[in-house]
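Quick heads-up: structures coming right below.
In what comes next, chain A is part of two complexes: it sits with chain B in the first one and with chain C in the second one.
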Partner chain A sequence: MRDALHLQQPRAIIKGDVVHRVSNFLAGFALRLAPIGLLVIIWYGLVQWLDIPSRLMPGPLEVGGRIYTGLFVDADLWLHLWLTFKSTFAGFVLGSVLAIALGSLLAMNRKLELLVYPLVVLIQAVPKVAIAPLVLLWLGFDARSTITLVALICFFPAFVGAFVGVRSTPAVLLDLFQTLKASGLKTYLHCSLPNAAGSIIAGLQVGWGFALVGCVVMEFIMGMGGAGFLIDNSANALDTVTAVAAMVLLGVLGYIGGGVLSGIRRRVVFWEGGRRHDQ
Partner chain B sequence: MTNDQFIPGWMRVVLPTIGLALLFAAWQGLAEFVVSDSRLLPTPMQVGSNLYAWISSGGFMPHLVATVYGSLGGLAIGAGLGFVSGVIVGEVRLLDRAVYPMALALQAMPIVAIAPLIIVWFGIGLASKMALVAVGTFFVMFINTVAGMHAAPAELLDMGRAFGGNRWRVAFTIKIRASLDYVFSGLEVCAALSFILCVVGEFLAAMAGLGYYLRAASYDIDASSMFAAVLVLAALASLLALVVRLAHQRVVFWKYRKN
Partner chain C sequence: MNAPLPYELQLGKSMLLNLRDISVSYPSRRGPVLALDKLNLSVQPSSFVSVLGPSGCGKSTLVRLVSGLQKPTAGAVEFDGVSAGGARDDVGVAFQQAALLPWKTALENVLLPIRLTGQSVRPASERARSLLDLVGLSGFHDRYPFELSGGMQQRVSLARSLIRDPSILVMDEPFSALDAMTRENMMIELQRIWLDTRPSVLFITHSIQEAVFLSDRVVVMSGRPGKVIADVPVDLPRPRDVQTLAHPRFVELSNQLRDLFNAET
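Up next, the complex of A and B:
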């Protein structure tokens, strides 16, 4: 009797846990999608009710149809979407890696911080989007221009995240590492970096949104393909269905990127903020 | 490698000055010896004289006025509406449950992407710039205001109710005041965003404005004028950010009170 109970119990707990986790996951998924569904319904209602002509603002059905044909039938949207994703991702990685490296370096060395301070202020003060034509002039009509602008624009949030995170490493921990004669690199990798991980990822989440903005703006003024180019080009031809379809796809790109980053955040910094309401 | 390095006071002044000097020296050197083409990379002096000539020739004001009108006008409309609707949504629970997640979901979309459509709707004049800025700043302000209304301390709300305050009295005297910290942080983001959105709108289609001037100068391969325009934009954005920050400290005085 007793033995049976002992054998049964853990199994029941595991089973209950799995069911719980699956239902939790599904509920979370539904909770994520519900606002988007509501948004589409309101959009549909507004377009129908106000009788807005399709060349000014198409309804969700038209746009959905355009996305479907664009992705699965004609596959003409894939090309632009892929171009945008490629440049955004490359620029995002480049800018973020540089930002984390520089932010960590400056947070650990006050003299260097004071020396580089004017440059950081300058980078922050200039509206990055405004130098898009300059970057284009220097680097040419090429993916390099887009990647550079994206890297510049998503530099700052990651930099601040790394700097603040590393700077806020508890002195007790640093003292401990010093007592144990850990090298500077070891102290950074095992103490400061894990301490900063939460705020770095928060910076990356902001940066991903910025990165898409930078990419779209560069595509606007470069006019060589990409979702931004597609939006501008189709809006100018009053093909608003395509323009809105490209906008929706950009939104999906932003949403997926944000989702992946918050997943990484939960996985990597599992000790921080058990229940967060903000994404 | 430790965080408690001792930095003497004079270093706090001298080191940034050296950094600034190095920055200018690098720029000057790059412009003079490496690129040596003032149409691609002007020296600091060339940018300065270009800016001076631009301002004294009288061609400067129309562009400045157009950008300032577009940004600040749009900011006033967008941030104002965002604040008011944020207060309403933050107070009415049903709306809060339905609308707030929608706004959060919409935020994932890069808002500049809507710029070409707004130009189709509002034309190439000032109205489209204001509309673009208004749309972009609305969401930031709305989300920040609702978050601020949520963040009102529970003990203050309890006290307000215990002293017999009705719902709107509590909302106005406690919730809105508690939300002001978030509202001003949002306003700071909006201030930077307003110039960015206005400039992007001007890149696409405009008749005047700093963004329009920048793009026109880029067609002429005239980097000096582009640098001058970027400099003016940076100054404008920094000035507005400074004003907002000062207002933040003045209004939300209890958070910045010196102990």
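Up next, the complex of A and C:
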């Protein structure tokens, strides 16, 4: 779309271009769905062929049916999904904003980097899930604990993304900004931050997956609602269909988050894909 | 010290640039390395001076000194007789690479110096557009750098260095990343633009052809530590064009510089 050759084409081509882009989009969509479809077929085949009882592993039809009623007939799954999404999203935003701020600061300040970077790496070395019970102890049995654990767990990828991205600002651009007498903040906002955008969003994509893990773990422990609670609770009650349905929905949540982020990436960091045409 | 320019002057803003007894040394593991040694160089108002030297002679250090990115270890950089302290609004810099922001269009890149001052860019956008036209990019104002060829990107960079109407333009081998054909075109274009705008220019290059074609004076530097070993006035009439490249005087000057250059490397 932003290709120089396309821009030079006369306007009459644009209609054909739209058709071309829609068919391209559909082809891309089909290509992405194909492996998922294959997985479902294998799942169906295995359950049928090995004759696995439903309370151990329900087939895709059963799970699909449970999701349908849970979302559109009884609507009992929405509440849990909403709880999980809310806490995950809040923690994700909190953790990511702090991570981008700290990562940027350390990348621009050598002394601060020497002081703080080892600390961040040390904290990262502790598995976050291991401190979940402590977070509960400190912050109590409510959403604050979940949000805190999620923020902690998704901090590192965004931190590294911001740090590496800001650090990789080309020296010649920094020279240019210096000859233009730009302040540190202006250099960051107009140069280093946009330069880091691609690597920050890549960090966020990894972080979103981590965030869901953190949230589900907290829901396992707290047992107060959410998709994690639903999985734990249903599995204990041998309602495997509901547990698998919740698991699938969690997967969908993760997938949608990742998809939204790659959409944002394509739009924000358009210049990095400027010469590629694989979309 | 400089012969009067042999053509009609259309003076814009310009300044006298004077580098006085400049020494620059860098610390290294084996003690300080002297990059420039008591270098003296001046660029008269509205004149075009090229600095020609072997690689590693401290040419780029000159650019960093004049653009305020670096301070000399000894000596002074003077603008109209006043010693400089850091970057200046009236000095335009064109780097070896185009140094464009990939997320901004050509026009936005040209306007960047204005935007960074916090002023509204609207009054300047008229000027930015005519500068882009001047460098031969009419019709490409709203393209992103990745949609432009290397030569076009370098033109955007040149337009950006002219946006604040600099009195002095410093150029650090701006065409060295371009192919031979594009270089020759850019050389002719740069002369045209300079004749229109007339800032004082300090042009760093390792191309003898570029130096002779563009300059009023060519300064030849020695290898490290960098010193001025020759200062050659170029008395070819302007505007110069492709025919100038075959002019006997052009060839003579080129050979003279080549001998100096080879004696040094």
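Operating definition for what follows: the second predicted complex is superposed on the first by the 260 of 279 C-alpha atoms of A that agree within 3 Å, B and C clash if a C-alpha of one lies under 4 Å from a C-alpha of the other, contacts with A are read in each partner's own complex, and residues count from 1 in each chain.
Quick note on the criterion: a residue touches a chain if its C-beta (ideal position, glycine included) is under 8 Å from a C-beta of that chain, and two chains touch if they have at least 3 such contacts.
If you're wondering where the values come from, they're calculated on a predicted model, not measured in any experiment.
Once chain A of one complex is fitted onto chain A of the other, the partner contacts of A:227 are limited to chain B, with no touch recorded for chain C. Judged by the touch definition given at the top, the superposed model places A:137 against chain B, while chain C stays out of reach.
Of the two partner chains placed by the overlay, only chain C lies in contact with A:172; chain B stays clear of it.
When both complexes are overlaid on chain A, the residue A:190 reaches chain C alone and has no touch with chain B.
Considering which of chain B and chain C touches more of chain A, the answer is B. Touch criterion met: A:271 reaches chain C, while chain B stays clear of it. Shared-chain residue A:89: touches no atom of chain B or chain C. When the two structures are aligned on the shared chain, A:43 is found in touch with neither chain B nor chain C.
In the superposition on chain A, A:181 contacts chain C only, with no contact to chain B.
Within chain A, the residues touched by chain B in the first complex and by chain C in the second are 178. By the touch rule above, chain A contacts chain B in their complex via residues 32, 34-36, 38-39, 56, 108-111, 114-119, 122, 125-127, 129-134, 136-138, 167, 169, 171, 174, 178, 184, 187, 209, 212-213, 216-217, 220-221, 227-228, 231-232, 234-236, 238, 240, 243-244, 246-247, 250-251, 254-255, 258, 278-279.
In the complex of the two chains, the chain C residues touching chain A come out as 64, 67-69, 86-87, 89, 91, 93, 95-97, 99, 101-103, 112-113, 115-116, 143-148.
On the side of chain B, the complex with chain A involves touching residues 1-5, 7, 11-12, 15-16, 18-20, 22-23, 40-41, 98, 101-102, 104-117, 119-121, 147, 192, 195-196, 199-200, 203-204, 210-211, 214-215, 217-218, 221, 223, 226-227, 229-230, 233-234, 237-238. If you check the complex, the residues on chain A that touch chain C are 2-4, 7, 170, 172-173, 175-182, 186, 190-191, 194, 269-272, 274-275.
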